[in-house]
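Shown next, in structure tokens, is the structure this report addresses.
Naming follows writing order (A, B, C and D), and every chain is counted from residue 1.
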Amino acid sequence: MATMVAGDVKDLSLAAVGHQRILWAERDMPVLRAIRERFEVEKPLAGLRMSACLHVTAETANLARTLVAGGADLVLVASNPLSTQDDVAASLVNDFGIAVYAIKGEDESSYYRHIAAALKHLPHVTMDDGADLVSAMVFIALNRLDDIHTEVRGWASGLSDLERQSLVGDVVASMEETTTGVIRLRAMEKDNVLKLPVIAVNDAMTKHFFDNRYGTGQSTLDGVIRATDMLIAGKRVVVAGYGWCGKGVAMRAKGLGAHVIVTEIEPIRALEAAMDGFEVMPMEKAAKVGDLFITVTGNIHVIRSEHFAVMKDGAIVCNSGHFNVELALDQLEKLAGGKKTSPREFVDEYTLSDGRRIYILGEGRLINLAAAHGHPASVMDMSFAAQALATEWSLQMRGKLENKVYNVPKEVDQWVSNLKLQTMGIAVDTLTAEQTKYLQSWEMGT
Amino acid sequence: MATMVAGDVKDLSLAAVGHQRILWAERDMPVLRAIRERFEVEKPLAGLRMSACLHVTAETANLARTLVAGGADLVLVASNPLSTQDDVAASLVNDFGIAVYAIKGEDESSYYRHIAAALKHLPHVTMDDGADLVSAMVFIALNRLDDIHTEVRGWASGLSDLERQSLVGDVVASMEETTTGVIRLRAMEKDNVLKLPVIAVNDAMTKHFFDNRYGTGQSTLDGVIRATDMLIAGKRVVVAGYGWCGKGVAMRAKGLGAHVIVTEIEPIRALEAAMDGFEVMPMEKAAKVGDLFITVTGNIHVIRSEHFAVMKDGAIVCNSGHFNVELALDQLEKLAGGKKTSPREFVDEYTLSDGRRIYILGEGRLINLAAAHGHPASVMDMSFAAQALATEWSLQMRGKLENKVYNVPKEVDQWVSNLKLQTMGIAVDTLTAEQTKYLQSWEMGT
Amino acid sequence: MATMVAGDVKDLSLAAVGHQRILWAERDMPVLRAIRERFEVEKPLAGLRMSACLHVTAETANLARTLVAGGADLVLVASNPLSTQDDVAASLVNDFGIAVYAIKGEDESSYYRHIAAALKHLPHVTMDDGADLVSAMVFIALNRLDDIHTEVRGWASGLSDLERQSLVGDVVASMEETTTGVIRLRAMEKDNVLKLPVIAVNDAMTKHFFDNRYGTGQSTLDGVIRATDMLIAGKRVVVAGYGWCGKGVAMRAKGLGAHVIVTEIEPIRALEAAMDGFEVMPMEKAAKVGDLFITVTGNIHVIRSEHFAVMKDGAIVCNSGHFNVELALDQLEKLAGGKKTSPREFVDEYTLSDGRRIYILGEGRLINLAAAHGHPASVMDMSFAAQALATEWSLQMRGKLENKVYNVPKEVDQWVSNLKLQTMGIAVDTLTAEQTKYLQSWEMGT
Amino acid sequence: MATMVAGDVKDLSLAAVGHQRILWAERDMPVLRAIRERFEVEKPLAGLRMSACLHVTAETANLARTLVAGGADLVLVASNPLSTQDDVAASLVNDFGIAVYAIKGEDESSYYRHIAAALKHLPHVTMDDGADLVSAMVFIALNRLDDIHTEVRGWASGLSDLERQSLVGDVVASMEETTTGVIRLRAMEKDNVLKLPVIAVNDAMTKHFFDNRYGTGQSTLDGVIRATDMLIAGKRVVVAGYGWCGKGVAMRAKGLGAHVIVTEIEPIRALEAAMDGFEVMPMEKAAKVGDLFITVTGNIHVIRSEHFAVMKDGAIVCNSGHFNVELALDQLEKLAGGKKTSPREFVDEYTLSDGRRIYILGEGRLINLAAAHGHPASVMDMSFAAQALATEWSLQMRGKLENKVYNVPKEVDQWVSNLKLQTMGIAVDTLTAEQTKYLQSWEMGT
């Protein structure tokens, strides 16, 4: 007789396929596996309630297994309505007994009902991919119930003020996985409303240096190709944003033979893009020449009415930034006067009044998760190893952390990168005694 | 009747050629020129004694002109015995009336006699390329005269204790231009012997992000090619160090068709190099396969006896790090039992006992300055603009700076990069009101 | 009431999806579309029976539509058991009334039954992707029925000798699309058994220069990523063969951040690979270090027992050459003693006696068609435009062609490339009168 | 007592430096050295008078040594007034006893007086770099003395008709080293005036595949950097022509961080450039945006008045094609109304009426030889090995060659590339018996 695992997934019969995919991903996650093996013995998370709001993919499943192996009582919910892999979600519930609330293509109500489930778990540690859990808890603590989705509000309104404060007050620390989330959290810190300690896992070198660049780079182009089957060589690819993700996307588009155009807000990044051999221009101008547009800015309405209006017939537009606000799709809809069809999965065709057609991929949600399988396991191995170790560290620091945004300790980066290199069969040099001394001293010059 | 300008340069008759080269470099330094034009009017450095210990190149000449235009009373000395451009030095003295002490190929005594000249100027602001001026002043203030070169010691030993303290105490701030220097200065700070405020100009984005990468990258390969006329395509090029300079060198070697091998100490950088498609291995292994070796680590004896001993016949070895300590040339000399000839300018051939020949370029000094002309003017434009503006800023902060290593204010980076983009004919986007608001708020999520 | 279209496809109910995909591909095939529009008016293929043995993809569907628009009576059969897109096949039958015999995953019997159907059509023009139709006709004409598959033999044995001769004798010309096929056909010509004229469409510049390089390059990596979700950055990718396809694969693997190793037979190509910055070594050595292996040689058993025996645990191996003979899978099976499972679609895991696992993708068939969608429409646009125009040209040459391998006339290349550029919005320079004269004369020297 | 060697060089006292450079180049020319060692024993060129009109560089010196070692009686003259290395020329005369007529910067009269010297030698075999020797002999044989330079005419007019015919008639074969020369010679063949057999050494794979691409690529950028010290990263570099040389230049400019724009006449090459990720546009448009222009077309007046007229202030323009006709400098001179100065060696500044300045490098002559040292020894090793072996082959074919343009036999390419690989320490695979059989047969298909 089975204990019912809580959760809300699409179809438990998908579990077998999902199980296979989880194990396949595990092959490329040796660092995380090493942590899981230690956690199984040491149980550092024993007695801990955790709520994680993450993309529910095969890689995340291996993080979930690791946390549970460490003793955590985990609830996992989707961090994006389109990014859930239903077979993986099914397997987590069915084969690993983990409570998962996530359905690919769920509507807003369902999405926030799942967020509510994560909150009701009264977590000691949270994990966020965009700060949705933290911001909900903060709104509740601030009694700003109008600012939260009705599906969360219902439950929250039943809480006493004390319970509202405890919800966030009981959190030892919250892990944040994205640039976007870290920006939001720092804004909260600046506004003095950050009511819990945050670990900016995104800012770990082993995370943003690799996952945002190599992971987003490859998987974004992969998503575009799966959605369209287009040849990248010879195309004018406009990349909006030259942060770590934008660098990755531009590098891969170039590597596939595109003529890459970068748009930026920051002059230093624009200079860097130019020095890297890319053409740099404002979106106003790029809009007229691009064949493919990819936004990775973390900002809102980066491509909007004035840009859609001047695009070439057949232009293809997508987003790989965290939130689906980078494309002003409502403005495009207005331009098209509702002339919108779907010629292909993940592709919407908007026809402007003069007959020009613009194609939007994945409804403007991050294309690497909407049309492909997100970051490859091999990079998530490092990101999630950092997540697991940062969680462990935050427990060791329990009571000593203030309500601030903390960086992951350097030791975590060192440990993760060393083990990763080993598993790749790569050795580095070690300092000689003479070198160690030289680096510490300031006496020796010309 | 001429006022004699102090200084020690090779041959004033080279001034005409040097003058041409200074003006040629100026063409590519529009940002620095804009500052010079403002300085000529505002004279922000009026009454200031400055001593700069920098590579005496056509680009540096334009910085010197800018500082003098701002009112500074400047002494310029070489920061490396091999990097001086004698014609430029001559022109600075002859055509611009600036006191310069620098002769290409000068011996150690001459080098330190020139350092002494810079110190005797009793500067209010110093500029360093490797912290040689600052460390000399610190040794003097610490009364550790044994640690300084005899050419400096002579003068220093004649100073009273008060004068020794004033020497460093009178310095408003010292600008540092190199990674190597910043490492030394931070080590001083840690040892509590940093007796003056330092501005880490090297760490300005507009400096290390561009100069260390694009400048060192191109000019190092340029130096190698000028010294050897070798084809880079098809060669195994070993780059020791994957910091900003190493990234630049590896990128350019790859861009010229090499199969690039990277060696590192830091696991995170090693991982990054591997993810960038480079082969990564310890020097022990790389030594056996490399055709060309380039060190850019900031460390000592990165290639030493055990490595030279296993190199292939004909291996070419050079350094592009700041100090000439990266190659253990004395160990090579011992291995070769003194069998050393010079088959070509900038090339020394060492013959090992079994007949294998190893070629050292530029005596192990930074090859981009020894055999080529250093960083192109276009990148030095930004670095030196940051130098000039950081100097101006330190004067505005006079009295408020502690004896610490400071970063260049963000505004300097913004101003320099904006103007640089303009002069390149590149425009960036500007934030809409909606975007500005979005970036500041944390309320909007999924 | 419907005329029944002959054919053998998987499921006609897939037609709607296939139809969408055919139209989606058409968007990126403007050159072929222009030809179709002219063919509809001019009907240059009227009265012609054609049999085409090609990969049945959305792009091929647009070629089929073009040929039919030109008046041809067409039978289309698969050129590979794994490359058929069933939905496209269904749509061709259902929506376009074209006779198609092709089912993804069909067994050998079914495959050759379909080949037989193409032969029974008694074609005037054939199209081949690997020379299977031509070689069958030649075997029949040579009365070497033992050399053909039993499914074809049955029908062929019922033919009179005259009919056997007429089968091949009635063919005006045969178009060949692959390097592999052209090699086979030239071998036939050398052996004096080529009993019909062949147009080496593969050798058209607008074909092999683009399709073999940019098409195979992108789609092969795409196939690998879809089959495995692996990160390419940081991997050692071994590319066997540095012909046009191999160049494309190596270029794209490098563009995705791999450390690429090339193996070759031809010294000149090996040199070229080395000069292009790749590591070059024999397969014997590469087998020990590779993470991913891709064969594109056109040869047999390029990776065999001795190589599988020394691979690392987890090595991934696939083929992108035309025939599935490049990997000696029977030898691997023997090594693994039958320990073979399928952890994932398109992936077979073989476990060697010491526990090492080797992964074979797509059963060794061309991975770009097995796991992805083959060449993007944009390159097939040129290849298939060349096919259609070469067909038209062969009819104009009817009676004048000998039983040899012909090149596509230069005019076809010019016309196709000019139109392609136009549709990409790219303009070229035109010769001035002075330049035309200069290029024709030999009189003007230093 | 010295036998006087004939010749005309700048200064014999430069011989020591030249000697060093010749030996330095030899280090990177192991294939040519192996041939020289065999030639010394076998003397295949004994009794042969040879005239070579080549760039007189350290690499050419090693070819000259090889030919002389083989027994040839050699006269070497410059193939370009700016490309001679005077120290090398001196050493060839002084240390190797070879007759050389070449002076860097010689005027037209001197240049053609040297050509005359080569002709007076009554060669049995000639070598050309642009077909100047062959065309002079043809003009003489055609009695078109008005078409040859006065310095040659003088001598030729004294020849009897029989002598004029014998001059060309006695030539066993002429080797041609450049694309430009081969085009001229094929034009002669077409005009039925090619009065001697020609070996298109340029078209050997081991020549044009490597030298035109990797050699011209690196050395052209090297020439530009030496002439200007400019940073390539971030610059818009316009490459006119996308043949093998243009591909090399574009690849290297990209590798140095430029945004590369290609102009072309041929649509297929334009397509290839676009697919390689370059921006393609007509020169008319490119002229307005380029920072640096490099012509490598083999055509005349590729950049002319209409283009100079719209360039940006500070545009830098050079040529790397064989003849200095690619830039219409007389038209620029007219535009500038004679306002021309030289701010730097190898740089001419033209000022247009509105103040815009345009910089021409190396007077429009091939910049890689004018400002740098031409192709690296390592690639010339292959080109010149092919030269030497093609010469040997032509003697074996003596009497059997018609007055046509011949390709170098495949065996030469095989032999050269095999030896080159060996010297680079690179091994290739060898065909198994099974593979050899497979490649020869046409029977095995799907």
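Quick notes
Going forward, a contact is a pair of C-beta atoms (placed from the backbone, for glycine too) under 8 Å apart; a residue touches a chain by one contact, two chains touch by 3 or more.
Note that the structure is predicted; figures quoted are calculated from it, not measured.
Any chain that touches subunit C and also touches subunit D is listed here: A, B. Judged by contacting C-beta pairs, the busier of the interfaces B-D and B-C is B-D. Compared with subunit C, the chain whose C-alpha mean position is the greatest distance off is B.
Over half of the residue-numbered contact pairs at C-D are shared with one candidate from A-C, A-B or A-D, namely A-B.
Our note on geometry: subunit B versus subunit C, Cα centroid distance of 55 Å, whole angstroms. Averaging Cα coordinates per chain places subunit B and subunit D 39 Å apart. In subunit D, 214, 233-234, 254, 257, 271, 274-275, 424 are the positions where the chain touches two or more neighbouring chains simultaneously. Subunit A meets subunit C in the complex at residues 20-21, 23-25, 27-28, 58, 214-215, 217-218, 222, 225-226, 229-234, 251-252, 254-257, 312, 314, 343-344, 347, 373, 375-379, 424-425. Residues 79-81, 111, 130-132, 135, 147, 183-185, 187-188, 191, 193, 205-206, 209-210, 213-214, 263-268, 270-272, 274-275, 280-285, 298-302, 323, 325, 413-414, 417-418, 420-421, 424, 426-432, 434-435, 438-446 of subunit C touch subunit D in their complex. The touching residues of subunit B, when paired with subunit C in their complex, are 233-234, 254, 257-260, 271, 274-279.
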